[in-house]
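Structure first, then comments.
Chain nomenclature is as follows: A, B, C, D and E, assigned in order of appearance, with residue numbering initiated at 1 for each chain independently.
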Amino acid sequence: MTATRNPTDWRSDAMRRRIARRYAAERRFKLAGLLAVLLSAAFLAFLLVTMMGNGLRGFTRTEIAVKVDFPASPLLLDPNAITDQALANANLPMVTGEVVKKALGADAEEWVSPTAWTALRDAIKADPKILSRTETVRLPASTAIDLAAKGKGSSEAEAAVDRLNKAGVLSTGFNMGFLTASDGTDPTQVGIWGAFKGSLLTMLVTLALSFPVGVATAVYLEEYARKNWMTDIIEVSINNLAAVPSIIFGLLGLSIFLNVLHLPRSASLVGGMTLALMTMPVIVIAGRNAIKSVPPSIRDAALGIGASPVQVVFHHVLPLALPGILTGTIIGMARALGETAPLLMIGMRAFIATPPGGIVDPATVLPVQIFLWSDEVSKGFVEKTSAAIIVLLIFLLAMNGLAIYLRNKFERRW
Amino acid sequence: GCGQQSGGAAGGTRDQIRAVGSSTVYPFATAIAEMFVQGNAGMKSPIIESTGTGGGMKLFCAGVGAQHPDIADASRRMKKKEYEDCQKNGVKDIVEIQIGVDGLAFAESNKGPGFKLTPKIVYEALAANPYGKGPNKAQTWKDVDPSLPATAISVFGPPSTSGTRDSLAELILTKGCETDPAMEALKKKSEDEFKATCTRIREDGKYVDSGENDNLIVQKLAANPNALGVFGFSYLEENKDTLKDVPINGVEASYETVSTGTYPGARPLYIYVKKAHMQAIPGLQAYLNTFAANWDPNGALTKRGMVAAPEAVRKASAEAVKSLPVLDGSQLK
Amino acid sequence: MTGPAILLLLAGLGAIAWVSARARAMRLQTAARASGRRDAVHSLPGYHGWYVALWTLVPAGIFLAVWANVAPGLVMQDVLSSPAAQSLPADDFSRSAVLGEARAIATGNQAGAFNPLSQGLVEPYKDAIGKYGIAGAALALVLAFAGGAYAFTRVRPDFRARTRVERLVMATLLIASLLAIITTLGIVASLLWESFRFFSMVSPVDFLFGVKWSPQSAALGYGNDDAFGAVPLFWGTIFIGAIIAMVVAIPLGLMSAIYLTQYASPTVRKWMKPTLEMLAGVPTVVYGYFAALTIAPALRDFAVKIGIHGASSESALAAGLVMGVMIIPFVSSMADDSIAAVPQSMRDGSLAMGATTSETIRRVLIPAALPGVVGGVLLAVSRAIGETMIVVMAAGLAANLTLNPFASVTTVTTQIVQLLTGDQEFDSAKTLAAFALGLVLFIVTLLLNIVALRVVKKYREAYE
Amino acid sequence: MTPAVETKMTARDVKVFYGEKQAIKGVSIDVDMDNVTAFIGPSGCGKSTFLRTLNRMNDTVASARVEGTITLDGEDIYAPSMDVVQLRARVGMVFQKPNPFPKSIYENIAYGPRIHGLAHGKADLDVIVEKSLRRAGLWDEVKDRLHDSGTALSGGQQQRLCIGRAIAVEPEVILMDEPCSALDPIATAKIEELIHELRGRYAIVIVTHNMQQAARVSQRTAFFHLGELVEYGVTSDIFTNPKAERTKDYITGRYG
Amino acid sequence: MTPAVETKMTARDVKVFYGEKQAIKGVSIDVDMDNVTAFIGPSGCGKSTFLRTLNRMNDTVASARVEGTITLDGEDIYAPSMDVVQLRARVGMVFQKPNPFPKSIYENIAYGPRIHGLAHGKADLDVIVEKSLRRAGLWDEVKDRLHDSGTALSGGQQQRLCIGRAIAVEPEVILMDEPCSALDPIATAKIEELIHELRGRYAIVIVTHNMQQAARVSQRTAFFHLGELVEYGVTSDIFTNPKAERTKDYITGRYG
């Protein structure tokens, strides 16, 4: 041992400077942390704002009010025999063109959407008596006019919009069709209902398969499995499945469900099965954690008065773990709802203009619809893509929000 | 459960039309699908997948039955090899219908330098092995032709499964290649070698294979003023505000030049239908009729950027829709 | 008898079995209890009910499942032996087409025949289907009755019905958990099988070490030689997922976790944590769209402005940057967990020595949590390299071996999508290459995952 | 050591292993009906382990293995014919930390009778619940809030609830593992009082680390050390006149 | 209660709140240099809480709030001018469970001097490490494996390492919160011996739940109950002749 050291002089200048330096470092470090948080949040905000900026316009559409003198139009329809087929045979697209030209001028045909005649059809269907009088019908504007009316159009279209505005026939309103229609070729006419229903059916299949299996597995592994090689393999499999890239599940779906089992291509059934394989491990892991967090003292209590192991689990452990399991399930389902890549592999990327009727019908899902629209030629699709993204995000955020709420609400400190 | 119903025997059921193939035809096929649904009350919407002409042909020729598509969309004619493939798999009676014409358009961003190209330039810029003289060394357009700017060669184009790519090879590259007389000799010597020399595209990143989505190419071009893009004429039409045409041999791609065939990149568009499916799949005939009703010069398809076929061709096609003549494989190349 | 009807009938039988067995057990037990012996009664009456109901339903159900697979064959045989079947075409393909159509008409799935031959087979089909339908239903009912009766005779006060029922519950649970293994095996088998076919066309050495990737030219018939060198793909994947994305995600994720756990007030934490978690909830297709439409062009403009002319509008940087943002919550939640797992006593120990918070974090907490953090980063890397939509939409298809972040590179997942969408020919090297790539991806993520979990587990154990 | 009372449970040469490790090294003991038996000993000596062999709660620990014979009313409780579920109903258990189910007070008590089918109808069950709560000395405190959550009670009340829960299935033996160690002195006193009242009706075994408590509530005391039963006898003898050296050292606070 | 020794720390009417709940209810006490002061009392009475006010470790608990005055050498340690970092270096702390950093033995000791800049160069640091380990009575046991992990030591060694770690920054006061409760009797004896040796060089405060230990190591004992300081005085007095009734009850094992 060397000579005893002098007690530290905490008041010396050197020590004071040192401490000041240490506090400065402390502040810098804290600031770096704050910046990291803010930067991450800013990115999220930027993303959301961009999507909103582009997408909100997608929920509206421009309409042109056209006065239609039905008796004078080249329409050959008997007001007393309006059937779908009669309407289909009436060559409405041509009639619509004529009507528009008559009302707004020779070049006006370009201004309404190519599918504007459906508005005419719907008006006649709603009230066949219309055929005997003059009536104002609101026809959806073409993409060019629509964009120009929203301030993003070409110069010609803007000139046309000016003219229409002067005539007072242009109006912009909420686009109900966007929520009720399906995929289409004309951006003013497309909607998300088909894809949304496809998503719904797919999620239904996913949930029906992954939830029972996932919970059963979690219960077995956490409560009953003895530690042996088989449990080890199951555990390793599940942990690994949870980390397998989603596209690999797509490959599995393609080569097994489609090519070996010959299940129908593009169907929600196969999509749901593929996503179920992906979601199951998430539920298992969440379920195990939830079960694990039920304190052993509850099990002891039940066992101690003579409950069987199965009763212990079904009477006590599962009800207590349920919020945790549900949280995990919602998170897993949210992930599945946003998943795109594996579904591309099994052909859920086709153009399908009618909503699927069941789980074996060809369908697409919201994220894939977004992907498809993002590749569309017409510029009108940009805002529709963003609008669809907004819808998807609302759902996902709601699901995640629900999960967070559940987690906070039922978070127990035993 | 479902496997037994739809798989197994070829019967099964499908009440929706299924079409696959060309991304060039895709917008027209979907537009027709939409009109078909609106014009035929109670019909389900056809399912249309854009796989590229080649990919579509493979699916189409895989067999007859519910799990195989009814229609193949094509931006070039069916190849002999594909026809034989079809025959081998029991797809015997095929009906060929030309629906219109398209131009193989070259485009650049509005901010681009204003290229002027010839097939020869394109060939020398893009060939893997120009005139069989070893790997392509051209880095900038100027290396190919002194009149062009010294910007790096960068062409976005469709992949090998696409009919557009085949058209590029046939209509432009081969023409450019044939400007060298030595190639004539080569063609006589070995067809295969000639094909490889004249159509194989370089793979060193100068030609960027951009997938089936022509729209992606459009977006990338808009963002990249020094690049060129190759795609269907309709895409150019739709994006006139961001892109401009690059003339070939001094001819601009326009409705007139394409329809009259003066534009070197003009090519026919087809759909192929399985005759065996005509009665099995509800609405198939009506779908074809809808096509026929809309391919006139002032029809709905031209509004979407398709170029109408010459009058005579349209007449023949309309006749084909009615009588459904079986394609004779011996005419194919 | 139709499927739903028989199922409904069985369900009814099950319910009856449950109710009657339960009632009987209750009666018997009341009598037995009077004897006073505690073990005279074993299970609650409800368990007897379940026991008998299960014996009624399970054997019959299993039989029906088997029957549903056997019956079509029997029906087919019957139909083939009918006189109308003698005129069927010889070749299998058209023959099964006709049979399939006839069956579809017979079961009401199709309205009319387009092959005249099949119309004649509709009646034989209807007959056969009806015959075997009734046979199957009858057998199922017999089984249900037999099972139920057997079980019913066993209802006695001290019969251990609960044990039996619980055994079945356990078996069900076990079977469910085996599904994970089956899925894993399915993945491995399908990947291995297709990859094996691929490697019989292309040498694995060329695939793993080749530097030229041009499957399109292979598909055009220029030969498979040196068209499938996957090194540029591997590089692109690593460049985007393991380098650029991590450069973004690690500092931001780690520092966010530190700030939120160690500095932020409870209110800030309560709001910011879910906000950051939202980044993980945004679907990748949205990130892809955002990267392709907003970030990539901006980056390209920026690059051109600072004088990088070769900048591509599909730069590795755009995809990597956005992917990094997506990964932030993974890193931060793993870091959060690891830091939280460091015992409070470590923190106290350091603070009690007079260390500042940041000194404690940097010199005690992070070193102590390092294995956990590293494990988390490995998991994040495995997540990033498997990510598909962002790169499909924002990264390029050009297989470049480059270090320039503004250049375009392609990744394994992009190529898988590219190779498999549309063209589905299952024996070309081009299609199979997708599976070989999938196999590599699977193995790599698996290894990363195993290593990461090991590391994390070891680390957890250290503080238990 | 051989009192003239009814012997309820006997253990003969019981050994317990956790994997390789032996936690109980051949313990023989008789538990009788009219006395409260206390197990004392330093931490880790195996008191809890041994207690849990008496109602086979050790079955739930995968690594645990029990050798030797334990009988209840002369019947081997480890015999294959013994139904564990019934055994545990007959040999009730109260744990160190009060562990009521997160259900209502009523449901806590009613759970056992329900799964064992002891009640016929709601009225019957009500009677059982009231009786059990009365015996557990909790009735007056909770009779107006039977449908409040059991976890909302104070620690001492919770522990009495747990005792009531055990009583509700009419056990013959009650095992208590340090039932007061998580409680404050007042609650402790209440539980001790309750044990006094329950004595005679049930055979009671209590593990405690508090020697004063053992002295207060028990008539027989067993001293464990390192998995062995060092000394077993009348409580007052053990505390005033321990025979073994180790017992003496422990009681005078030399270790533990 | 007023001995003629140097007073190191004083507390005057200290109150501590955890949120709404008051854990310390006005405690005044003097800690002096030459004695070991022991805090005893039943679990939850506030011993740890009060100890932690002495080096402001309670600052790290968000809900904790301290009222009253505490001085170190006459300086108010809760004054805004007081630097917590310095304070904690001057008032060291040893915890209940040994908590060496997961670093080498050397690094564990060197940590404090490093962050406070007490060593000038490697050689100087080596000297500090050796001296601290010697004082903690650990040098001979670890001198050949200074670069092994500190967590690889036995529990008793770890606790001595923690004491050495505290010593290395030259503190003036050392606070120990039940430093032996996680240790076996032999390790406990070693630590008690160490405390004897350290006495006089540092003012030492030790919390213990083991009354024998308090009797063995301390010269002054403070008895806490329900957040109050019930009695404070010379250890032998407290144990043989407690003034307060509560103290007496506690010492004779009536509760706790």
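A few remarks follow.
Operating definition for what follows: a contact is a pair of C-beta atoms (placed from the backbone, for glycine too) under 8 Å apart; a residue touches a chain by one contact, two chains touch by 3 or more.
On a predicted model such as this, the values are computed, not experimentally measured, just so you know.
Listed by label, the chains touching chain B and chain E alike are A, C. Any chain that touches chain A and also touches chain C is listed here: B, D, E. Among the remaining chains, the Cα-based centre furthest from that of chain C is the centre of E.
To fit its Cα atoms onto chain E, chain D must turn through 175 degrees, a value rounded to the nearest 5. Relative to the centroid of every protein C-alpha atom shown, the closest chain centre, again from C-alpha atoms, is found for C.
Rounded to whole angstrom units, the spacing between the C-alpha centres of chain A and chain B is 33. Here the CA centre of chain A is 57 Å from the CA centre of chain D. For the pair chain C and chain D, the distance between C-alpha centroids works out to 48 Å. Remark: chain B and chain D have CA centroids separated by 85 Å (rounded to whole angstrom). In chain E, the positions touching at least two other chains are 85-86, 89, 115-116, 169. Along chain A, residues 22, 308, 349 each make contact with two or more other chains.
Among the residues of chain B, those in touch with two or more other chains are 8, 49-50. By the touch criterion given at the top, residues 83, 85-86, 89-90, 115-118, 127-128, 130-131, 134, 169-170, 172 of chain E touch chain A in their complex.
For chain A in complex with chain E, the touching residues are 1-2, 5, 7-8, 10, 14-15, 18-19, 22. Residues of chain A touching chain D in their complex: 226-227, 295, 297-308, 311, 315-316, 320. Residues 1, 4-5, 8-13, 20, 49-52, 54-56, 58-59, 63-65, 90, 128, 152, 159-161, 196, 199-201, 203, 205, 208-212, 219-220, 223-224, 278-280 of chain B are the ones touching chain C in the complex. Partner chain B is touched in their complex by these residues of chain C: 68, 72, 93-94, 96-104, 109-110, 112, 114, 118, 212, 214, 216-217, 219-220, 222, 292-293, 296-297, 300, 309-310, 312-314, 396-400, 408, 418, 421-425.
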